[in-house]
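Naming follows writing order (A, B, C, D and E), and every chain is counted from residue 1.
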Amino acid sequence: MLRRLAASALAAVTLTACGAPAAAPSGPSGPPVPGGTITIGINSEVSTLDPAANEIAAQATLVVAHALYEPLFTDGPGGALEPRLAESLTSEDLRTWTLSLRPGLTFSDGSPLDAQAVVDHVARLRDPESQCQCAQLAAEITDMAAADATTAEFTLAEPNAGFPRYFTRQLGMIASTTARADDGSPLGAGPYRLESAARGSSLTVVRSEHYQGTPGHADTLVFQFLPDTDSRYQSLASGAVDLAWIDTPNLIAQARGEGRIVAVANASTATAVLNTRTEPFDDIRVRQAVQAAIDREALLAVVDQGQGVVAEGPILSRSPYASGTRHPEFDPERARTLLAEVGEPVSFAYTTDSRPQSMQRATAIQQMLGDVGITMTIDVVDTATWGTRLYDGDFAAIEFVTSAYADTDAVLGIFAPDATGNFGGYANPEVGELVEQGRGSVDEAARREIYAEVAQRVVEDAPVLFFTESPAGFAAAPHIGGMPDLSDRNVISLLPSELWTAR
Amino acid sequence: MSAPLLELDGLSLRFDGPAGSLHVLESVSLAVAEGESVGLVGESGSGKSVLARAVLGVHPGPAAPSLTGRILLEGRDVTDGSSRRRAVSMVFQDPSASLNPVVRIGRQVLEAVPPAERGSRARQRAAATELLRAVGLPDPGRRLRSYPAELSGGQRQRVGIAAALAAQPRLLLADEPTTALDVTVQQRVLDLIGELRRERGMALLLITHDLGLLAGRTDRIAVMYAGRVVEDGPTERVLAEPRHPYTRALLAVTPRLSPRRRPPLPQIPGGLPDLREPRTGCPFAPRCERALPECATRPPLLRAGAGHTVSCWAAEGVPV
Amino acid sequence: MLRRTETRRDALVPAACVAVLALVAIGAVLAQLLPQLDPLRADFQAPLRPPGPEHWFGTDATGRDVFARTLAGGASSIVVAAMTVAVGLVVGGGLGVLAGFARGWVDALIGTLLDVVLALPGLITVMVVVTMVGPGRLTIGALIGLIMVPAFARIARSATLTVRGQEFVQAARIMGAPPLRIIGSEVVRCVLPAVAAYSFTAVTVAIVAEGSLSFLGFGLAPPTASWGGLIAEGRTHIATAPWICLAPAAVLCATVLAVNVLGERWGRSRP
Amino acid sequence: MTRPRGAELVVDRLQVRYRVPGGWIEAVRGVSFTVPAGRTVGLVGESGSGKSSLAKAVTGLVAPSGGSVAFAGGPVRHRPGPGGIQMVFQDPVASLHPHRTLVDLVAEPLRWAGVARARRRERAAAALADVGLDPAVYGGRRRHQISGGQAQRVAIARAALAEPELIIADEPVAGLDVSVQAGVVNLLHRAVADRGASLLFISHDLGVVSALCDEVVVLYLGRVCERGPTESVLAAPRHPYTRALLDAVPEVGRVPPPSRLPAAEPPSPLHPPPGCAFHPRCPDAVAACRTAVPAPRELGGAVVSCHAAAPQTPSTEPVTSPPPDRSPP
Amino acid sequence: MRTLLTRAVRALAVIALLGMLTMALPLLLTGDPAVAVLGVEATPEQLAAFTAALNLDASPPERFAHWLGGAVRGDLGTSLVTGAPVTAEIGERLPVTLELLLCGQLLALAITVPVAMRSAWRPGGVVDRISTVLAYLLLSTPAFVLGLALILVLAVGLAVLPATGWAAPDDPVEHLRHLVLPVLTMGLTEAAVLVRVLRADLIATLRTPYILAARSRGLSPWRLLWTRALRPSSFSTVTLVGLGLGLAFGGSVLVETIFAVPGMGRLAASAIEARDFPVIEAVVLLSGVTVVLVGTLVDLVYGVIDPRARHAAAH
């Protein structure tokens, strides 16, 4: 159960998400215009369209998945789930869940998408052979079966209030396990179907005639793979793309300043995991000193350019469970006092990958800690090494920017001792018990209370330093309509079928 | 006597460079009559090759020299660089270097014919073959497609001569045409030039450092020293009765086939004057065994016999 | 008249180039010594400040002084370039002289090895190795130097062959000069200027390559300042805070230009 | 006359070959001759005759592919100090180190011999003065600051200072003006004559050779055509090539006789003709010339390699009998 | 014939050595590719299966032998990241890079030849001085700076061209529009080098006696330059163009990154980041083979340019 948090962890880094208080996007006025082509610049290639492949589930590429596979649910405002292909997923005891599908669904070749197709899909992804990160999540399902054409039953090993959210990502993006498209690509039931793919450069989808929901407005969507953030934004500026994924604060600020339509959510949380197993962070005073010495407001100002908010703890500010965690204040004096108690000079290495904001954050923290007398060296590694170190617990402090905190139910699990996602070895048995209790609690109010307690403990024990919740999302040219307001969301969920172009 | 084919009238030539000016030619006067064969003799630094290029109107390198005086070709003043094509052609010193290594011989031979006058491909072939045959190149038809590297030195110089003939010039300049060749080949090439000259009625200006090459091949000899013509006269007279001390010294030091002459051989002391300075007096005076105080001023031009002039204070003769 | 202006320009251009390089060098040293020019110290209250009296080249997104960072970037470039030339000269020059002098199978062996290096895609190889041994000025300099070894060796070898065949070397042999002394005093003295002339090119290659690596994210690890890294960092702000990118880019180009021009003069001045 | 102190140079069936793109050049194909102690021998040949390869093989700059060179009874060694072989090169400027001053250049052989710096500079200055270059004026100059003739003087001064027993001069005057040539020839003559050393003088110019050498060796495409005392070869050349060469040498005032050679071009050293290499150009060629390499024969005081040579072939232009001012041995 | 054989043997030796070196490189990389690919949630069984499937736990000689066996049959292994055969990955990217490089070099030549001729004809003249200054400026501007400048001016400022990205050739107009900026960046950078080299060689050629001879025979400057001077002056230029093509994959990383062109360079860069060994190895090897082949090609071109080289080779 704790594993599934770790599951999204590595992918989440590449996703990077989350919202700032943003003005509602304003597009062209008037009703949606049907037809036309919308070109969308995304940050990485989607070479495998199978939902089992992890690359399609990253936040930036989720828009592609949403075009081809409409998920059972999507994230809605305030952490609520909005049903899409599904009508509902309900449970009395949080262990046995009943899924009810919309009737008459078909894949894009016209073949039926019934409850059995969903079960087959989940079964396929649950198999470790599929190499889907969701396999770990699906492994919680001990039993499942299609009751009739539109109803499926799922039984979990343990109660889990967060189970429905699993169907917003890969598990919910149903692909046919029996049929494939003519060109061999997997078949989905989304509003669009694959037209052509040019390896390394672009992917073209066209409106699917078999889609059962409200059809997409645009005839054609072209996804351009533009890995470099600045290049991607320049492509937007030059009109080569209509819509571009932007995940750096200055570009979000710039996009706003230039009058583009911006749909971003504070979807990613910048944190640093401290290794509580070894020196110096096996000493809670050192952890607290570091926590007190870091000025999160300054980080927000220089690293995030004021876009986003200060992170107060493991529960996001816009989470349905948000309860006002009391994070210790920036207090260099307190840090010095704590250090004086420790007595020995503190020095440690901070592992980070080489993305610009990570570097910026690291150098700013280095300076802040230096001011209270802590020597911090920065160890820059590439993403692969970073992942290995994180997984192996081979670090003193390691930067961890993740969208995992978007799912409070899931993420609190990583603070339990021995949880897969507990990279820093934080061992507070009480927290572990509290998490277990909360996730199994049918009463939502009680759950909220327990979660708040967990968050408070975590913030005080400081096994993880919380810095900022940062925005990411899409910026669009002024002629693009249908851009959602994501400012009150925790997940960037852009539905391409809602987009339209005034050109 | 009609106007000479080529007349240099008080020609001075100077190269200006960043390091100063080089006064290469100093009021050179020289004439070549129609059909006449003139030998121009001088050692390195005497300015003989520069003179040839001035007549040709082409200079290597980016710096164009400053010219004063006049160059008259067929009575026309061409000092300003007007076209000499058809009037003058040159056979160059090093046949290996003066043929383009990457262009077939057939094309190079016809270079001097303006494209408008070349005619059909077949006619061009015929013309080129004819030229190569005229210079005695074996198997001329096949040679058209050869590259210079496939020929021997002597054959290359024959191609060079053929290229010079293509424009049917009235004056052929030959600048040390055999210096790069072996002696046994040199004789044949010079003979060829002589024959062609007679056949075609061309005038010839044969430039050489070797006095031994001129007997029987030229009508007149002009001797140059440090940018000046110091003596000019009929070949036999200049060789037999040289009037200028430099000509005399040059004759004395030219090696001869005689085991009688044992070292020490006669030699000319001293070296060339500095060309960066304009020369006021006789340039040879510092090395001259008969130098007089007057030699510090420009020597007079004296007539020493029929068509024989000398520029020397110590020589006997009538001022021109 | 023409000649005089030519002369003046002839003297002026190299003087300007030397001045540029001297400024870069002095700045690099000052950035190490003066606390006011600490390239890492950030003023969190003043990010993205445009150039002004307080920050001559403005500040970057973290609030660090771009002027100080540009100067410090110069230090990186100098260290990398020096290392490149050192490796190129010693390894490449040495192999080239050895190959040219020994000839035969030694020449063939060295030639084959150099061909292997030449066949490696330079930038990619450096990227791979940097990834595995970790970034550092000396490492990157040495790697660029190694990639340039074939070029150095080729020049040294051909210069050696030329010198070796020249009559004054033969004359020395006939006069009984020991072969090692011939290599030492005759050959090296003549090969060195040719190889040194190439060093100018190597310096420009090193500066540009280091910049490219940093730009691609495979160069010096931040926060170490490097021109390429600064440009890469500033690139994202180019529309809003162009100074972050433009200042180091201008200094980088000016430095490379100066080295290029001086190298060309040096090459021309040799007999 | 000084007592000969030079050592004898014996070249025996020497062969030299080079690798060129596209094959081998047999530059020297079995050449034998002797430079007796204290004598001056001229080696004459046109381009491709192999004379420069021969010079390099004799001085040990290239390894012969066959035959042998013996000097003073043993193999040629480069060792500093007096008594060895010195060489004067065709390009005098190139034979001088570009960065050294003339004094240091002349002193070079003494440097390798271990003579103290002050002492060797002193002797070098004297040697410079000896070749007519004022050490005060020229001593500090470098090679690009002097003329070709002066450079050759420096080279000769340097060779002489090494006190060799044999000087090999490879076309030492080919690049020089005639007015300078004589001075260089005189110096070279003095450098050997004064000390009784021997001289191997290589040239394409029969005129200079005739003035300087006691004996001449005529080369054609890597083989010896004819060798013998200068007077005898010049007066009565036995080999048709020697005759053609003599005919072709330009002489002031002499109207050259028409060439007797067929028009054929000299063959390439890459593909020398079989038999006698000269046969395609030879006016006297007989059938044997096309197939068999003629063996050297003693003929009227000279050694001739020719199938057709007769004992008494008159010269086309007899040189009047030479009154030798130095009697042949 | 002999020299040809020697060349071939040496080329094979170079490629074999390169192959071994290539295999050695990833051995030293830190970071486990299995973790990099499967993610930190992967179970130990998954990791083990992954590693075994890719033969990663074999000893280096075994791996080399295995890999060589595959390479000889045209099988370069499977990408760790996408699971597609490496040959397929490269097959997609190679044409893009080749197109970029060829166009870049052609553009460079198209600029170089006329400019160098005009400059060499009157060294120190107005054209020469302007082109010299421009060449030096370009020469001193790294590709990543030039590329950024071009994007700023032509794409963002004037909005006449797409800033970045790539369009497949099925849409020729878009394809060309996307091609312009990267090709311009490559071509201008290359042209700066080539102009200097060709100009110098042309000046030297124009001073040779054979050009003097041709001039004396009245050849017009234009014909003189094109038909007489260009060919003998083009050795260094041809060598550099060859090197430019051969060393391509390394050099194209920058341009492909700046302009988001899906070519070999970017493939290599992302493969390095992802520890995708089979792809890194294939790119390095392919690049090496290209360098060797282009080297041979350049030698052949020498023969075409200069009959002397051909003449010598024919023997």
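As a working rule, a residue touches a chain if its C-beta (ideal position, glycine included) is under 8 Å from a C-beta of that chain, and two chains touch if they have at least 3 such contacts.
Chain by chain, the UniProt names read as follows: A = Peptide/nickel transport system substrate-binding protein; B, D = Peptide/nickel transport system ATP-binding protein; C, E = Peptide/nickel transport system permease protein.
Just so we're clear, the structure is a prediction, and the values are computed from it rather than from any experiment.
Think of each touching pair as a link: the shortest run of links from chain A to chain C has 1 of them.
C-beta contact counts were set side by side for B-E and B-D; B-D has more. Here the spacing of chain B and chain D, counted between their Cα centres, is 31 Å. The distance from the centre of chain D to the centre of chain E, with each centre set as the mean of the Cα atoms, comes to 54 Å. Computed centre separation for the pair chain A/chain E is 40 angstrom, with centres defined by C-alpha atoms. Work out the mean CA point of chain C and of chain E, and you get 22 Å between them.
Across the assembly, chain A contributes residues 237, 382 that each touch 2 or more other chains.
Across the assembly, chain E contributes residues 30, 156, 257, 272-273, 311 that each touch 2 or more other chains.
Those residues of chain A that touch chain E in the complex are listed here as 3-4, 6-7, 9-11, 41, 45, 47-48, 54, 128, 131, 133, 136, 198-202, 224-228, 231-232, 234-235, 237-241, 381-385, 387-388, 390-391, 420.
On the side of chain C, the complex with chain E involves touching residues 108, 111-113, 115-116, 118-125, 127-129, 131-133, 204, 208, 211-212, 215-216, 218, 228, 231-232, 235, 238-239, 245, 249, 252-254, 256-257, 260-261.
The part of chain D that touches chain B in the complex is made up of residues 46-47, 147, 149, 177-183, 185-186, 189-190, 193, 204-208, 210-212, 230-231, 234, 244-256, 258-259, 261, 263, 265-266, 268, 319, 322-326.
Contact residues on chain C toward chain D in their complex (touch as defined above): 166-168, 170-178, 181, 186, 189-190, 271. Listed in rising order, the residues of chain E touching chain A in the complex are 30-33, 35-36, 38-41, 43, 45-46, 82-84, 89, 92-93, 96, 151, 155-156, 159, 161-168, 257-263, 266-267, 270, 272-275.
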